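Before we start, here is the structure in question, set down as structure tokens.
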Amino acid sequence: MKKLSLIPVLVVGALLIYAADDFPEWGNLSAPASASPLSSHFISNTGFDTEVPNMVTAVLADYRGFDTMFETVVVFIAGMAVLAILKNSSGSNSKKKNFHIETEPDIIVTNTVRLLIPVIQIFAFYVLAHGHVSPGGGFQGGVVMGASFIMIALSWDLEKALARFPMDRCFIVAGLGIVLYAGIGLLSMFLGGEFLDYAELANVFPVSREMARYHAMLGVEIGVGLTVTAIMFALYANLATEGRLKGGL
Amino acid sequence: MSAPEVTVIEDIRPLIAFVAPLIGVLGIAWAGEKRKNLRETFTFLVATIQASVVLSMVPILLSGSIIEFQIWQMFTHVPLLLRVDGFGLLFACVASLLWIATTVYAIGYMRGLHEHAQTRFYSFFAISLSATIGVAFSANLLTIYFFYEMLSVSTFPLVTHMQDKDARTGGRTYLGYLLFTSLCLLLPAMSWCYVWLDGGTVTMDFLADTGKVGDFSQTTQMVLLALFTFGFAKAGIMPLHSWLPGAMVAPTPVSALLHAVAVVKVGVFCVIRVYSDIFGIQVLQDLDGEDWMIGIACATILISSLIALSQDNLKRRLAFSTIGQLGYVVLGATLATEQGVGGSVLHIAMHACGKITLFFCAGAIFVASGKKYVSELRGLGRKMPITMGAFMIGSLSVIGLPPLGGFISKWYLALGALDRGMSWVVVVLLVSSLLNVFYLLPVAVTAFFRDPEEDQDTGMKEAPMACVVPLAITAIGCFVLFFFAEPILQLVGLSK
Amino acid sequence: MMENAIAWILIFPLFGSVACAILGMGNKKICYPIAVLSMAGSLWGGIETLRQVIASEVHRVSYIFGGWTLDKYPRGVGIEFHADILGILITLVVLGVGLIVSIYSKLPVQDETPNKEPLFYTLFLLQITGLAGICLTGDAFNLYVLIEVAALTGYGLIAMGSKRAAAATFNYVILGTIGASLYLLGVGYIYIKTGTLNMVGIHDVIVANGLADSSTMQVAFVLVGIGILIKMAFFPFHAWLPNAYCNAPTVTSSLLAPLVTKVMIYVMIRMVLSVFGVEFSFESTLWVDVMPWLVVVAIICAAVMALAQREIKRMLAYLIVAEVGYMVGGVWIYNYYGLIGSIFHVISDACMTLCLFLGAGLILRKAKTTHFDGLRGLFSKMPLTMTGFFIGGFSIIGLPPTCGFFSKWYLITGGMVSQRWEYMVVLMFSTMVMVVLFFRLIERIHLAVSESGENLGHGHGDLGLTKEQTRFDEGPLSMLIPLLLAATVVLVVGIYNQDIVNLIEIFLSEFNLPKGVGH
Amino acid sequence: MFEDGTIINELFIERLNYFIYVILLLIGLHGMIAKNNLIKKLIGMSIFQTAIILFYVSVGVKEGATIPIYLPEHDPHGSHASHGDENGTEEAVHGPVVLESGLVKGYANPLPHVLMLTAIVVGVATLGLALALCLRIYQGYGTIEEDEILAKIERQEMRLKPSIIVKSADSPKPKTSNSENSAPKPKVSSSPSTKRSKARPKAKAKTASTATKAKTSQAKSSSPKPKPAVSKSTTTGTKKSPAKPKTTASKTAGKSTTKAKPKPRAKPKAKPTTRTKATSTAKKATASKPKPRTPKK
């Protein structure tokens, strides 16, 4: 069986190597991908269209904002699906495993974490908000934020983390993130543009059309950040406890 | 097969004749097992409506026009079109009139035997008749196919009515043959015509597109002819005949109407349509390999008659007889002469009347005495004189003796054969008539002239009135048809 | 509102799903009406878009998200929704099926996944969002994202089923990820050569730069093609499908079975026709020579495996695999009629599979099993369900006037025009297999005979069952009505096939497809 | 050695990234297909996706270009050093401008990065979901080795199979005590088979199963008959002919194509009466099974 599985693998490999011969050279400036009107438009016009210095953020949240909305939805789906799979699923084999730790959490660890957490969370906000000018954005910020809650769960126990961020609230926050994202799109649609045409927000906010895009992007990133934060923590909490949400690692 | 200049009348009546039974099904199902009389009233009512609608169209046809009604556009260029021409109307008349008789008979038969699931029986019976009328009034090949399949499926619950092991075997053979041929032979053949004829604009209309198949090469034409002939397996041509004896597990009214009239006649009706209205007489006569088809039809006639001789089960014997008689009809179509086709058309009516009488009798015997086998019938003629008398008449009609209907159709068939210069076909006809005598007459003779067995219960008498009256009527019909051959031919438009 | 109808198609279920997730925490009962309403709203958007598409001169609606309109910006800067007739037709199928299933879902979801209704409906609506998006999107990468949306929700929905569902889903995850990743890789190959992700843009660049002979594009075609074939459960890659659909909850299988494979076939048609173009796909690759034979193998194997099953849902799952073979074959026999047949079969197969799975769900609910041994007497117990179920069955066989007949007619005609006899023969073969499958089922239900052929009753219609077992006992109306609705749709699509085919012909008229001799 | 046009030059110098990604991709693919452990499959999946990410990012590389963030001199808001954006009027004066075409080559292509951000997120989501499935599978079957799961599923199905038959068979005549007695029998007899089917190859089990199959099919065929005088273990029961069940059994055995449902006779010594016992033996069997196999690896 293992030998057999090599056949498709090698066939795929041969195909890919065959095609690689035809690729433009690595880093070639005149390669179609780099020289296409699309790429040059993104590079030359991002500032003009949106005033965002970070092209990746602009492409992510505005030019291809629709993609990113569904990307957020994918994260949301992952959380919902994991919950759906693991909820009430305690099977026969799960009870023999009991990791309940009787000892108190280590004082050094907890105190260090206590100090670290505000820093991490502020850093998360920074990554999120500063995504316009430096690498960063909603996903990255959200993951860092989610990590801070996971850290609580790791150093104390899951109950403490869940007390701060209960599972119900997790999903409400995640949902709100999507509502925020899609809501901004919807609002711009009601203002006369297409769905996600942030420029239309200039009709109600005292900013130029470009700056409207700029600010709406921040709103969108916050939405992404909310969803990612909540789902990252929810994923951890569910996976670590097989969906029972108590005990755990 | 229609006269060259015709006026076309738009009329909804063909649709009414088709839809009436379908609506009737709702009433039948609603009445259900609890209100038997109401249910059977519905059946009777629907049958009467259908027959009267069909009959009401006869004067229009006789005045030289045809009726059309388009239901909907199926494909580009191909409408689901109902058209009433003489041939179709004749078949519709036969089917719907005999349905009335069968309804009455079925009431007697089913109640006499206390059969189960009579609601289902009557419902699907009505659907089958609806499909039969649909076939009769179809104006093109796809329309006919449409109703043909409807008939195949709607008769399945009737064939498997007994719901036991035999029913399963019979049902499997039945559907296996019919659906295999229609889906695997007919569909490609139709698709072939549709694609390769005249730039895909051919509707395969029976009126407008006659003879267009002649554009194909001889080989292709021959393949198409074979596909169509065997594709309509309801016609029971020899290698594809065994569904018919298998379907005899059904209750007798089903065998009587469907397997003597509706289903098998739909088969030969379709074959005639293809031969005379898709290929056309001229194209067929020019086709080299067409003699093969005549040979197959003749072989069917002879072989089935020989098999019928060896059957002891009365219904099976009649079934094989039916196969032989269907061979006559196909033979007439393959002869591709005016006279031959006329003979085929007549034989549909004549044989329907004769064979349904025989089946009615077989059923009546079963109801009255529970006997199924020919060898058990000794002396029965004295107990059931009307039944056996009708059986005698039916037999003679099928054999083809004047003054009974069967004679005329055979006469025309023979004329058609002579037209083509195939005298050997006439010989086949004679030999098979002789065989008919051998396997049909002994039944009546045994019943009338042999002494009853000793242990026979003496209390036996005629079947219920509801059974006897229809068979008497159809027996009389065999006489009457003898004198109505000419009007029928005039209706069909062949009489010059 | 009207001009954004195409966006509303996705917005309704998207917001509906979030509403289910948030509001459903408090009150589980609210999820069902939300789902039905958002499906209805979405369907409205679909119908409105269809109207716009038909009304427009070029028969397509282009909608670019974010206001990156073509008059001011180059094509492909924003993400485009590109609704041509084909796309919007399949979208309507998705939405219609979604609406019917959402109505159907009330009781089975309550019973089969207790306390998980909000989760279920969230994933359900997002599944529809993903599938509808796949049909509409005009961006190759956005298509990948939407495929993953549909796939991930599908995993979640299936895994809520029986215990075995988890293992089945895991297989699905692995194969599905391979498929989607290969597609993604293929898109990367396209991008490296064309520098754009917009489907129209890709096609323009391929034509303008003459990329047909480029080995990169050839491999991209293979990668995209195989990725899609895995996703649509084409025969050698079908392993994930039967187990996943059999063990899924009733509603899940009724939703996924009609849609997922069909939508992926739509993606293949779209890739072949609109993205790579007719010349590239059919003239400069070997697929035309190879695929019909693979299709032959696929249909035969799937049909034979379906024959071996003794359980309705599993049998249907293999039937889907066979049907996928039909449609793929219809595309690769490469002619006008084959494509009409393929597209129309996508529509009709969705309807009839829906019919069958809804029926199977009702049978499971009332008869407690879908194994052939437990079905005797169902005709008298639940006649309406059986009518609906077998209308779907007859459609699969291809009996008129169900829609299955008409699609099969076009497929056969296509095979005839291309003179692909092997395809025609295999169509006939599988048709006969389907006759056997469904009439065997009818036998098992209708006759008092066991499989090995013994009589079970006393004769005279006695099925060997008690009175209670044959008494009229239909399923709940909320399930029965959707089934009958689906059965009606099967008939209506059949009867009005000409209207649909006319639309398909408008779509196909812009491609240069061989029509056969004399056309 | 490295002249232009040689394959080595083509592949290893100019397109080294593309070569490496292919290798990674193949490793991942092989892991997904061939590995037996579900977690290892997931690791393969991650490698696979990462390889694709590497490919995309390689596409975005431009020689001599910097990251796709505007340098201060190109910043749409102007240089941060000289101008604060303290008031809105600034933009009108110092509005953003389109970058000159000559400068475009100075920035890397942002699009692949954006796409890969999306792909990463999708990968994470898939991975999370797949891990949850693994947990669920582990809960259900107590293992994450694929072949063991398959074996367990097969065994469960087999255990399920007679119960379906029994259900449908005894349902028509629930009153007759005889058929009730006979009905659970195949269920019980099949439970120890869990051990057997584990121990011996499938084909052998199939042949051995014929006898019990006869029994079960007999139960299936005979119990709904009107005559309740059908006793299960002997062949005297059926009125028609005692030979009949045997023939049908062989027929069904011949027909069973896809899955062997081995139902060997109950061993005389192991006669568990309850299900729990059966599962415990099954567990034992699985526990003992991997041991001989692991050293092979």
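Think of it as A, B, C and D in the order they're written, each chain with its own count starting at 1.
Note that in this section a contact is a pair of C-beta atoms (placed from the backbone, for glycine too) under 8 Å apart; a residue touches a chain by one contact, two chains touch by 3 or more.
In this text, all values refer to a predicted model and were calculated from it rather than measured experimentally.
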item: Smallest count of steps, each to a touching chain, taking chain A to chain D; value: 1
item: Relative to chain C, chain with the most remote C-alpha centre; value: B
item: Separation of mean Cα positions, chain D and chain C [Å, integer]; value: 23
item: Mean-CA-position distance for chain D and chain B (Å); value: 57
item: Length of the line joining the C-alpha centres of chain B and chain C, rounded to whole Å; value: 42
item: Inter-centroid spacing, chain B versus chain A (mean Cα positions, whole Å); value: 73
item: Chain D residues counted as touching two or more neighbouring chains; value: 25, 29, 59, 111-112, 118, 122, 125-126, 129, 132-133, 136, 140-141
item: Multi-chain contact residues (two or more partners), chain A; value: 16, 21, 23, 31, 33-34, 38-39, 42, 64, 67, 71, 74, 77-78, 81-82, 85, 91
item: Chain C residues counted as touching two or more neighbouring chains; value: 141, 145, 148, 152, 155-156, 159, 163, 166, 191-192, 197, 453-454
item: Which pairs of chains touch, using the document's own definition; value: A-C, A-D, B-C, C-D
item: Complex interface listing, chain C residues touching chain B; value: 337, 394, 397-401, 406, 408-409, 412-413, 416-417, 424, 428, 431-432, 435, 439, 442-443, 446-449, 453-455, 457, 459-463, 495-498, 501, 515-519
item: Complex contact set, residues of chain A against chain D; value: 1-2, 5-6, 8-10, 12-13, 16-17, 20-21, 23, 25-29, 31, 33-34, 38-40, 42-48, 50-56, 58-60, 64, 67-68, 71, 74-75, 77-79, 81-82, 85-86, 89-94, 133-135, 139, 206-208, 210-211, 235, 238-239, 242-243
item: Chain D residues touching chain C - in the complex, by the definition given at the top; value: 25, 29, 32, 38, 41, 45, 48-49, 52, 55-56, 59, 111-112, 115, 118-119, 122, 125-126, 129-130, 132-134, 136-137, 140-141, 149, 153, 156, 164-165, 167-169, 171-174, 217, 220-221, 224-226, 244, 248, 251-252, 257-258
item: Parts of chain C lying in touch with chain D, wherever the complex brings them together; value: 141, 144-145, 148, 152, 155-156, 159, 163-164, 166-167, 169-170, 173-174, 177-178, 181, 184-185, 188, 191-192, 197, 305, 308-309, 368-369, 371, 373-374, 376, 450-454, 456, 458, 464-466, 469
item: Of all residues in chain C, those that touch chain A in their complex; value: 4, 7, 11, 14-15, 18, 21-22, 25, 63-69, 73-74, 76-79, 113, 115-116, 119-120, 122-123, 126, 129-130, 133, 139, 141-142, 145-146, 148-149, 152-153, 155-157, 159-160, 163, 166, 189, 191-197, 201, 205, 214-216, 218-220, 222-223
